[in-house]
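Sharing a structure, written as structure tokens. Questions coming.
Which chain is which? They are A, B, C and D, in the order written, and residues in each are numbered from 1.
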Amino acid sequence: MQPEADDETKDTPPANARVMLSGVHNKLAFDRLLFFSDAVFAIAITFLALDLRLPEGEAGHPIGDAELWQKLGELWPKYLSFLVSFLVIGLYWQGHHRMFRLINRFDDRLVWINLLFLLCIVVIPFPTTVLGEHANAPAAVILYAGVLALTGLLQAAMWLYATHHSRLVDTTLEASLYRHLVRVVTARMLAAPLVFLASMALASHSPDWAKYSWMLIAPALALTSWIGRKVPAAEKLK
Amino acid sequence: MQPEADDETKDTPPANARVMLSGVHNKLAFDRLLFFSDAVFAIAITFLALDLRLPEGEAGHPIGDAELWQKLGELWPKYLSFLVSFLVIGLYWQGHHRMFRLINRFDDRLVWINLLFLLCIVVIPFPTTVLGEHANAPAAVILYAGVLALTGLLQAAMWLYATHHSRLVDTTLEASLYRHLVRVVTARMLAAPLVFLASMALASHSPDWAKYSWMLIAPALALTSWIGRKVPAAEKLK
Amino acid sequence: MQPEADDETKDTPPANARVMLSGVHNKLAFDRLLFFSDAVFAIAITFLALDLRLPEGEAGHPIGDAELWQKLGELWPKYLSFLVSFLVIGLYWQGHHRMFRLINRFDDRLVWINLLFLLCIVVIPFPTTVLGEHANAPAAVILYAGVLALTGLLQAAMWLYATHHSRLVDTTLEASLYRHLVRVVTARMLAAPLVFLASMALASHSPDWAKYSWMLIAPALALTSWIGRKVPAAEKLK
Amino acid sequence: MQPEADDETKDTPPANARVMLSGVHNKLAFDRLLFFSDAVFAIAITFLALDLRLPEGEAGHPIGDAELWQKLGELWPKYLSFLVSFLVIGLYWQGHHRMFRLINRFDDRLVWINLLFLLCIVVIPFPTTVLGEHANAPAAVILYAGVLALTGLLQAAMWLYATHHSRLVDTTLEASLYRHLVRVVTARMLAAPLVFLASMALASHSPDWAKYSWMLIAPALALTSWIGRKVPAAEKLK
């Protein structure tokens, strides 16, 4: 139930430690960590849409209706990369949300792994824009898949760090059930980054196939869900 | 009172399930869902205003006072589309706020319907900008009304999903009163999207009349409020 | 103690009403209103800084150190308008924060007055940019002072709406003390908008004097604080 | 336990004061202060990434893959300045987070010191962009180090203000332990700003060495952590 997990706690006079970390404030510190993360997610997800805009220089010059439809249509690579990024950030947000239903305290290392994960999240609009503008360039596909893979891998690292030897979780789950649960959630977290990693190898041969391969994330997630259903408690964190 | 609504709960050893989903953490997970949504609303509503700016290239060149007034005046289509979008996002935020005073738990599907709804919310600044720049083009009016209609329809879908067979609500309301309440709130949620849908048909004939027709949202909302007043409990969620 | 203030409550079967509006959920609805407002404040305050940038077209071209200092120096009207807007939004945020330490429930009208107030808050970066670019144009000064005055007046209107006949406050303060308190906080809220209104009249004669006059906000606030100190309870909301 | 710290409290009839500041509302006011700050941090940290973009004018013109790699590579000064700013804002966020695990109430002065601190936080993207574009100009290095030093010094001032004579903290820590704790946290807070200050002197001789010197922040932080470990309670706030 203690919001800080470190081994030094035992050396500290318990009375003092409890005063400084008592109830409300630790709860508040933990909440701030999550709300800060949520705010970063929310802003990154909204920034993606900033890239949706007609080419500049048109403003004020009345153009015909057909021409406007055409200009709107020409933006389709941007719509697509926006949509993919939105869905993947949504998936990562859901993973973060789910992960912190089991994790219930933090230490300095978790704060920094989380910050590096958020660094990747805020960077995502950059490769999204590059991909929207250069949809057929292998470089754009590799950059995009690389950033999204790294983001997912950092999330999995955060989960493994927190659950290793129950470091930052409090659970009375039976040991084998706990291990199953951790494995199923890990598998689910790795689905997207592994697909992105694999697509990077494809990209130099065929940027298009690399992009099509990202659709494999959906069946991969469905598969981990299906496996997870065999571990009853894992369902609860899905 | 359980924050997760799925039927598998019954198969799970209750002790384990309760530990993993105990009190504070489920409350926190539900709060995160709402605060994340609020942050997205807040950012989208603020992004609308980014479009209010004088045409670039003027900076630094001192221009006369009359010329500045004129330039500020020429932005009026942008002021109008900003105002309409702000009010509609405000209306949708109020709907979300109201809806989640009855909904008190979530499942994965609700999370994803909510994410799709938020996707529409973050997209809104894009058609708003297009409308501000091409106020008389049917394409701009249709795009704008289409995005705003879709947003409202997704919100109504979320409401219907959550309240169907009391899926994600806890209510001891008498059954017929509950049905009335759901219907009244649904009607209120559909007012804006139905007006926007109807205006899309008008737009190719007359973009102006399509835009004027949006003013019908106000009396439509007033009407649903007036009807709702006959269902005493519905008042509470208005 | 009820989070909704309307007279119809009495007509509602109390059992039902209580279920729908019970504890946690109303508290959450009220919190959402405030956190949504805070997020809007935070984003608007951060957007102000987006206007701080070197003129485009310089990127990549190495320029001398002296030239860079000069370019940074030439931005001073932008630094100033950023600073004034930041401080005024900070003041309005503090007013909102203070106001909602007495207000403890909401109704639909308060939600909409608050939305209109937030509309002004998100608009503020626009006149700030105009003023930073056309620091000597009466039009820029009038627009700026007008938007900031309107924002402050809406805040005062929200306060008067909520406290009128103790509409949305729960207080056991003695009646005359309560009236004093409301008056003192109202005076404090009106200080900035009244100075901005007055400066609008000055602006067409002398934009510079209009801008200097804004410095009167500081002594005006100090004066209301000094008066407020005579009403002991008012101190608590300062 | 009172959320407002001022000496006038004693003059106030305690019953009234308690009503106005009772439980929930003060807790909420304190939470708002922190969540508002977190939102500002989150937005500033995300805005940093807005500067990562290919030079405009490329959009739509298909360019070769090698050319795209080259353009992406040419952005490396931007990647570096983004990374440094992200890590430093992350460090300041962690400091704010840690500080408010001991601080448990606020007064008007703290609100304003915090606002000035946040002003610096929202400004950081500006010198970051300037540094990313003019990586070798002493002016850019001095501006950058100056803003980041000022930010850190304001944070240390906030900490000293709040802990001076236990002004805004409630602690039952033994007096000498409390003093040690305050000193260790102060030292940790001063590490980054002092390195930035020192680098400003270096910058006119060698912008590169000034930038390399920022890497000293890491060992300086490690040193304060190592010293802090000798004060058991300080560990808790690290």
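The rule is simple: a residue touches a chain if its C-beta (ideal position, glycine included) is under 8 Å from a C-beta of that chain, and two chains touch if they have at least 3 such contacts.
Keep in mind that what you see is a predicted model, and the values were worked out from it rather than measured.
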Next item on the list: Specify the angle of rotation obtained when superposing subunit C on subunit D by their C-alpha atoms, rounded to a multiple of 5 degrees.
Entry: 90
Next item on the list: Indicate whether more than half of the residue numbers at the subunit B-subunit C interface occur in both copies; give same if so and different if not.
Entry: different
Check: What's the chain with its C-alpha centre farthest out from subunit B?
Finding: D
Next item on the list: Return the distance between the CA-based centres of subunit A and subunit B, expressed in whole Å.
Entry: 25
Check: Centre to centre, by mean C-alpha position, how many angstrom separate subunit B and subunit D?
Finding: 35
Checklist line | Multi-partner residues of subunit D (each touching 2 or more other chains) | finding: 35, 39, 43
Check: In their shared complex, at which residues does subunit D touch subunit A?
Finding: 27, 31, 34-35, 38-39, 41-43, 45-46, 48-50, 52-54, 58-60, 62-65, 68-69, 72, 83, 86, 90, 93-94, 97, 100-102, 104, 171-174, 177, 229, 232-233, 235-238
Note to self: Could you list, by residue number, the parts of subunit C that touch subunit B in their complex?
What the structure shows: 4, 6, 8, 11-13, 15-17, 19-21, 24-26, 28-29, 32-33, 35-36, 39-40, 43-44, 47, 55, 74, 108, 111-112, 115, 118-119, 122-123, 125-126, 129-130, 133-134, 136-140, 143
